[in-house]
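Take a look at the structure below.
Labels A, B, C, D, E and F are assigned to the chains in the order they are written; within every chain, residues are numbered from 1.
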Amino acid sequence: MPIVTVKMLEGRNDDQKRALIEQITSTVVETVDATPESVTVIIEEMKPTHLGKAGKRPSDA
Amino acid sequence: MPIVTVKMLEGRNDDQKRALIEQITSTVVETVDATPESVTVIIEEMKPTHLGKAGKRPSDA
Amino acid sequence: MPIVTVKMLEGRNDDQKRALIEQITSTVVETVDATPESVTVIIEEMKPTHLGKAGKRPSDA
Amino acid sequence: MPIVTVKMLEGRNDDQKRALIEQITSTVVETVDATPESVTVIIEEMKPTHLGKAGKRPSDA
Amino acid sequence: MPIVTVKMLEGRNDDQKRALIEQITSTVVETVDATPESVTVIIEEMKPTHLGKAGKRPSDA
Amino acid sequence: MPIVTVKMLEGRNDDQKRALIEQITSTVVETVDATPESVTVIIEEMKPTHLGKAGKRPSDA
């Protein structure tokens, strides 16, 4: 029952999100011997004001 | 200090959310011997475009 | 497709964990109108050295 | 590669969020011997209707 | 800065885990226009006593 | 009710973990106007075989 969560900056379009979910599902099925029905993929978008790398936010760059 | 997170599709109304938080808290208190004050419940809603089961999204069905 | 994650201190026995999973599933089904088959419950145990409330760990009490 | 996630009620202003990300990054660097570049901080805001303590939501207080 | 977390039952071998991390990284790079260096993948294993689907655990089957 | 989760590679000693929890709590209290009692900090350690950056694991370096 793999559950995959992808956290990424907001801004991708719907085609990218659909492709991401489809292809991550395929990748999980192929690499760890899971059935497609057992795989759940969740996308969680982050705002550029809510994320920092080395203490800096994309919104402050 | 149990912390319970419920991820579910958006669309439930406020009464359902209140009942969910109340009753999950009671369930945790009864089953694992925790005090009510120690239990936190968090709801995280998902958009139908951000979730896939077997590679398919509810929004594409 | 509700996914419920319960983070709690390690130490509960197997009967408590089984009851927790069964009864949280029932609670979610009853309160937010989900089918039992759609509900996943995950338990994640924490060590007392890995948790702090008000900056204090149970292991330092 | 520490990844820090802060879940908190919505309502803090942008200066508070920037300071939170900067200072948590510094704290992690100093306490666990990580490079600044390796530290990621993520803020996730919660609505008062989506959070309960002892079964009560801030929105119902 | 996509961060991908894969929660799955324990039991996969090291080759499967390496392949999972490599191929999920490639999939994310191709589908959402991210650089490889920006992608982090985390595997979190679950015990069969800590997971329930429809209220039933794999360990009780 | 800020809840802070720190995911990092295993290997830090107990003094580092205690300091991390104490000082992150102080940082949150100072920057976002929370009471100490409301702050929870959780450490989650990752194995070097369960983490990849740019598709490479520390364990394969």
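Here is the rule we go by: contacts are C-beta pairs under 8 Å (C-beta built on N, C-alpha and C of every residue); 3 or more make two chains touch, one makes a residue touch a chain.
Keep in mind that what you see is a predicted model, and the values were worked out from it rather than measured.
Within the contact network of the assembly, the step distance from chain A to chain F comes to 2.
Residues touching across the chain C-chain E interface largely differ between the two copies, under half of the numbers being common to both.
Interface repeat of B-D: among D-E, B-F or C-E, the matching pair is C-E, sharing over half of the residue-numbered contact pairs.
Copies chain D and chain E of the same sequence differ by a rotation of 180 degrees once their CA atoms are superposed, given in steps of 5. Centre-to-centre separation of chain A and chain B, using mean CA positions: 20 Å. Chain centres here are Cα averages; for chain B and chain C they lie 11 Å apart. Residues of chain D found to touch two or more other chains are 1, 3, 7, 17, 40, 42, 51, 53. Those chain pairs judged to touch are A-B, A-C, A-D, A-E, B-C, B-D, B-F, C-E, C-F, D-E, D-F, E-F.
Touching chain D in their complex are the following residues of chain B: 14, 17-18, 21-22, 25-26, 36-37, 39-45. Residue ranges of chain D in contact with chain E, taken from their complex: 1, 3, 40, 42.
Interface residues of chain B facing chain C in the complex, by the touch rule stated above, are 1-9, 12, 16-17, 19-20, 23-24, 27-28, 30-34, 51, 53.
Only residues 7, 46, 49-55, 57, 60 of chain B touch chain A when the two sit together in their complex.
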